[in-house]
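Each of the two complexes below includes chain A, the first together with chain B, the second together with chain C.
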Partner chain A sequence: MQTLGTPILASAVWAQSSGSLGLRSFLQPCVADELAKNDKQVLLIWLDGGMSQLESWDPKPNTEFGGPFRAIPTSVPGINVCELLQHTAKQMHHLALLRSVCTQDNSHSAGVARINRGDPKNRGVDYPFLGSAVAKLLGPTSSGMPPYLWIKPYSGGFKASDAGFLGAKYGALALGDGKPPDNLLLNKTISPEENELRNELRQKFNNRYAVGRRKEWTEANSYVYELAKKLMDRRDLFNESSVTDKDRERYGTHELGRHLLLARRTLETGVRFVKVNSYHWDSHGDNFNASDSLIRQFDQPFAALIEDLHERRMLDNVLVIVMSEFGRTPKINSHVGRDHWPEAWSIAMAGAGIQRGVVVGKTNDQGTFVDGQPHDIGDLFHTWFKALGVPQDMMEYDNNGQPLPVANEECSPIPELLA
Partner chain B sequence: MERQWFFRRIIRGILILVLATPVVSADERPLALRIDELIEVRFDGQQPAPTADDAEFLRRICLDFAGRIPTADETRRFLDNSAADKRTQLIDQLLAAPTYAQRMQELFHVMLMERRGDNDKWTHYLRTAFDQNKHWDQIVRELLYPDAEDESRRGAGFFYTKRIEANGQNAVDYPGLTRDVGRLFLGADLQCAQCHNHLFIDDYKQQDFQGLYSVYLNLSVKSGLDFPAVTEKAMEKKLEFVSVFDPTPHQTGPRIPFAKELNVPEQVKDGPPVSVLALLAKDFPIPDNILFSKNIANRLWFMMMGRGLVHPLDLHHSGNPPSHPELLELLASEFAAHQYDIKWMLRELAITRTYQRSSRHPAAMADDNGEPAAVSFDQIPPHSYLLFNEKRLLAEQLLYSTLQATGNLDRLLQPAAEGKPNPELVDLTAKYIAAFANEPREPEDQINPAVKGALFTLNDEMSLHLLSRQQGNLIDRLMTMTDDQLLAEELYLSVFTRKPTDEERTELVAWLAPQVDRERAIGMWAWSMLTSVEFVINH
Partner chain C sequence: MMNNATLLAQYEPRPTGKVVEYERQLFQARFSPCGSFLIASGYDATIQRWDMRGDEIKRLNPCLGHHAWVQCLSFIPGTERNVSADSWGQIAVWQYTDKTPAPVWKNESAHDGWIRAVAVSPDGQLLATGGNDRVIRIWSATDGTLQKEWSHPEKVFSLCFHPQGASLISGDLKGVIREWDPAAATMRREIDARVLYQLDKIGVRRSATSGQTTRKQLACAGQKTPGGGFSTGFPCVLVFNWETGQPIREMQMGKNDDGFAYDAIFHPSGFVMATSCAFPGKGFVWCWTPAEDKAFYESNSITNGRSLSLHPDGRRIALLVSESANANGRQLVDGVYQGGSAKIHILEFSGQDTV
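So, the complex of A and B:
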């Protein structure tokens, strides 16, 4: 197919092209400059349904509710975790565990959103999930990659609902089953030069349209085409053959293993916030066999991921969080299961701005309640925003004139977790 | 600061509750005039945008009433028409054209089903309803009580069946159906009142949710039929419920939210079965049900003006008052007084100054010397209606407009063999919906910039093919033109529904002059127009 000749570029048209709206306009300009230096990233691993803290971060072996598994020592003397985390135990010196999590909701339907939103005070608006909040507060990194990617089983697409009142553009680009979005390859009838040209023309038309009009639509159009270009440029991300056999073996070929490996690769391209979802953690029945399977499926790739981030010197920059909507009941029910338990559970984290090799907070001997100061999810949102270097003067959203604190104002950062 | 704001909202809500008691109006003037007065009285001395020019108005009204942009020839004829009342004439023509029913079918399909899926009988039902200008109360009556015996309204059952169909091992989503009936027909999202009185919307009580829920618990899909239908079990007793905060048991019979319990007669032995659905359908879509009228008035207003008087559309309650409470009252009562005639209402909205205002505000432009604009957009928010609020296009509107602009619409509207739709059109429709529609269950009421849409226009083969030369299409027409000035005019009229400015004409002519492969060059310019904001939204 013949391509267009060079005269196109020589045309007087281009002299008038003004600077492009785009990623920069995603943020207020003054803030954008300040944040350009901040390339902190986040990986959120969401274990949907509720991981049992007793079979993972807060084992209570040989107690009434302890269950059949042993506790094992970790790379940090004095800190033990459940034996199902045998690989992760070796990475404990990179991790921080909060064992005193106490949250407010024991239902999935409300709890998932409540935890993902940091349980802000109710002001009649839908708060954004953490990924959308970070996309809004920090924007894309200097890589220009989409600020919020979501790797999940099942369907992909653009998930606007996470964004709440921030508006759809802060939603998540979801890679369903870890697969790339459709139409990622440049159509074979179009040369890269032509592609460049037609997008410059489109942008020129946009700029002309924008004069005297609200900017939202032009910004949205420019933004999605810039993201599309970034993704097309980085389509190697989805090239399975570029994954080494060693990585495949270390992360495992199961779903969560593949998805966590993809997460590492997307973080390497500079995506600001990556969420990885794993489902079916709601073990009301047969909790111990379920945990034996599920927690091991998590343990192997998670340990490999932490090791990789460390070796690539990315751990100073990437905040890693492992959480669910709640923990599970110490009491073992008649189906040998554990039910929903927001009263006392654990959240693990590592990386940017976070203390290494520590346990903060504790539960009582039976693991039923927090012993000492409990911590709600709002405290953790404050902690994470601080770890990510969100400036103090950005701790409030402006929702069409309605000021909204980015995190519950009755909560505060947990100093012991901060490096 | 934040607290003050909250209290202001509450106090405003209380005031409005007090003031909003319906008053019978003696004002006999046309509704459109009264609408404009109520909007303009709140301008507070600010200058509104000027009236949209003919081209801007033409494009807007065609998208709203025909679901597509006009052809270049239609545009020329309208611009050349010197009749003083040509806008009103056009509005009436569009409301009488067959494209009106198709557009309304698509609009209400997306509003009511939120991309859960489609069904031929349902499409037929909606299409026929709007063909006959069936009134909104009647449509809702049929949706709430889809009588399987009556062939003419069978498709209406899809509203229920799609929502309560089996979904793997999940429980049938009766709460979801209950919530949707509240959202879509009353503008009240009762979801958080399922398990307790709503925590921060005092108007939403648990009994409002549970009362409606009790009706739907008896509903199931009737299988083995070639149309969507439900069956209803007899309701044996009242529904018992407790709040998660308070173990005191409560009970409720079937209830329309915010109203009394329905009066369900005793089942007479050997008599016809008592249908609670029928009772619900009888008492729901009536003027006494104020929220029923307000919800639809607000939704039609949103569809025309790009912003709900109550926004979000499904949060009518005293803590989220309308931007123009007296206007919403007026629209709701007038709509009820006109027996919920949708076509009448849309016509009234279309002839207002508010609808016909430009989406461009001169005072918001920086001047030629680079001086900043006199007015910032923060000063003229969407609910001020000081300028027209740009609107998102449905995937269907974007598809038909793209086909119209590229001169492929007539060809693709030709049925294939046996009256079946053209397979290329079927494929393109599916692709456009995949690329531009929201996920299932998400209302399409705000900007949703999607990377998948961008990737689709950049790389999809079928979509790009619309810009290759085929007999009679846009590129073909332009390729036969030798005068590039005329070519520029034809291209801009076809895609942007307006003539090019001198600047645009000059730059296109200059650009084309040295091109060796004119077909590709023209196609590229057209692609860039078709993917730019001016084309992909209604402004």
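So, the complex of A and C:
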């Protein structure tokens, strides 16, 4: 089996001596033991570029900035969403919408990382993205499956950059185009005995490579190798013939539909954190046709996913989050597009620890700014950690002696979102 | 056909200095067939009117009663009526000469959602509508009675009748042009404009047939080959031989993030006049004879172009532009968040000939 894409994987040492993902080396022991029992899972759907809140969760029909679309009722009386979410509207009783999101950055380059990290206070370190943080805080589930999978278009590999100061092994194992890592399966010409010998040789090379190098780097190499081996046990995940026609129809055959279906299947195997990326949401031009295409592509499989998680009794344990780096401007530009808008946008969520069938916060009648208390991404990180059972007020990262709060300490959980 | 130098001498569009300003963005601005009115449909659910008869352009009472976006506007030949359609599925016919127009008739649920295109038959008897619900409907222009309806394979982005009246032409999201027999509700043929389709959301934005003089060409406007993440590409107008369905000329402007050619009209002398948006902030106006390799006139001195209308005198043009610059983040003027606005520039051809 080949390695997963980054130079640090050229050699490996598998060390489990630090416990489950090294959790105990960073956390108070009693907390770590408690968290190890927690089999909460997370699905983050990241709509890269910025979904328009006005064409989705927070419609303002027939107003200056409302655009062409109608609002439709949902399964929760009094809550309306944009007509492009016709399937999701029927699942609204499982969802919570936060319509008062107000964040700090209107550029992709800074905004993506800032939102993914929960916008912590600057302490001179790179904080982990949410997936890496959860992989660190909760570790793998009892399934032993990789704690952080990233299903994305284009290339795959191991994406260490998400992990920030936690170290490379808390990065994401990315399944490019929803495909398994290259050479996941053992070549048929290699017998189990030969494979064993091969692994012994690899181990010797790894040990030699580790001498004089930083432990966290060599650990990461081995760790990623073992993650891929775990996936080998569940290669049925990638067997297209095991997908039912019904699922294919309900989720759709387009990229996001296929990837959300794979996300459900990986959650079923026990992956702790699954991130699904969708691209091309940056609709500076032709926003309304773009939304008509993209939001409908999101709507159908997302509704199917929520329905499936509920029917499988997984929704109590799986936290589902839908977000971008920002929303889009109320103003419609001359290219019939909407630009970047962190001032007032929406994030949808459902599942573990989250209130169901509610809207929290609101924007003004024009949809331009938050009316009332705004909420930053730090508030949401506190909310999500609490929903997952992470007692953030008792816990902080220990970054080689530097105490670092898991979420921005000036923010706090949003009680109305918590079940 | 005149060569480019001769055409430029005769038909260079020049500003008259008359500009109509409107506080919200507009989709279309059209001269009425009598030439006395300028009518525009907008993002604000209204149809705006101006009296063009005197030296001063006078704003008249708007037509009210639509919802959301009124993207479609056409005149009914032989009458003083216009038809409009909105993004919530309503069509309405108005007496645009009334002091305070009320709908002559309307249908609030003509389509399920966004109506993208309206066309009127040359004899003024029939209206055709189409949009996101993938249905084409034919209505009596007189009273709104439904005459025919049929499913369309894709979202309908544009409609026009051939000047001889026996054919309805649709352009769709996927860049396919179809000729229909509206009486039989049957398709006669397809014409391939798929070069205007990318990323599930581009398609044929506007179709136009050649004027009464030739009846031999079809133009469709859109964009091709988008670059970057803006969903915007080269503004482009395709001109086809109507008889053969074969492309004659691809009239491409600007660069691959400029955006859409939103309108293209045939001038009776045979050239195509088109307008587009561009990035950042400046749109194109160009005049191009399909027989020539290059436009005889092009300019990007104005903001983003949205529509063109030729006055019945053949000399004046109403050029609608959007004034709504791209801008990320909070943009306040005196503490107030600003939306976009529109201007309608009245241009005049350089020569003295009239139609």
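Convention: the second predicted complex is superposed on the first by the 343 of 419 C-alpha atoms of A that agree within 3 Å, B and C clash if a C-alpha of one lies under 4 Å from a C-alpha of the other, contacts with A are read in each partner's own complex, and residues count from 1 in each chain.
The rule is short, and it goes like this: contacts are C-beta pairs under 8 Å (C-beta built on N, C-alpha and C of every residue); 3 or more make two chains touch, one makes a residue touch a chain.
Bear in mind the structure is a predicted one, so any value in this text is a computation, not a measurement.
By the touch criterion defined above, A:Arg313 lies against neither chain B nor chain C after alignment on the C-alpha atoms of chain A. Of the two partners chain B and chain C, more residues of chain A are touched by B.
In the superposed model, A:Pro405 makes contact with chain B only, not with chain C. Touch criterion not met for A:Lys246: it reaches neither chain B nor chain C. In the superposition on chain A, contact of A:Asn333 is made with chain C only, not with chain B. Within the superposed three-chain model, A:Phe69 lies in touch with chain C and out of touch with chain B [touch as defined at top].
When the two complexes are overlaid on their common chain A, residue A:Asn289 makes contact with chain C while staying clear of chain B. Of the two partner chains placed around the shared chain by superposition, chain B is the only one that A:Gly124 touches, whereas chain C remains out of contact.
In the superposition on chain A, chain A positions 107 are in contact with chain B in one complex as well as with chain C in the other. Interface of chain A with chain B (complex): residues 2, 4-5, 7-8, 10-13, 107, 110, 122-124, 146, 155, 157-161, 167-169, 171, 173, 181-187, 189-190, 194-195, 197-199, 201-202, 204-206, 209-218, 220-221, 223-225, 227-228, 231-232, 400-405. Of all residues in chain C, only 24-25, 43-45, 67-69, 71, 87-88, 113-114, 132, 173, 199-203, 229-232, 257, 259-260, 277, 279, 281, 283, 303-304, 322-331, 337-340 touch chain A in the complex they form. The touching residues of chain A, counted against chain C in their complex, run 49, 61-62, 64-70, 83, 106-107, 280, 282-287, 289-290, 292-294, 329-337, 339-343, 366, 368-369.
On the side of chain B, the complex with chain A involves touching residues 1-2, 5-6, 9, 192, 195, 199-201, 315, 319-320, 359-362, 364-366, 373, 377, 381, 390, 434, 438-439, 442, 446-456, 458-461, 464, 507, 510-511, 514-517, 520-521, 524-525, 527-529, 531-534, 536-537, 539.
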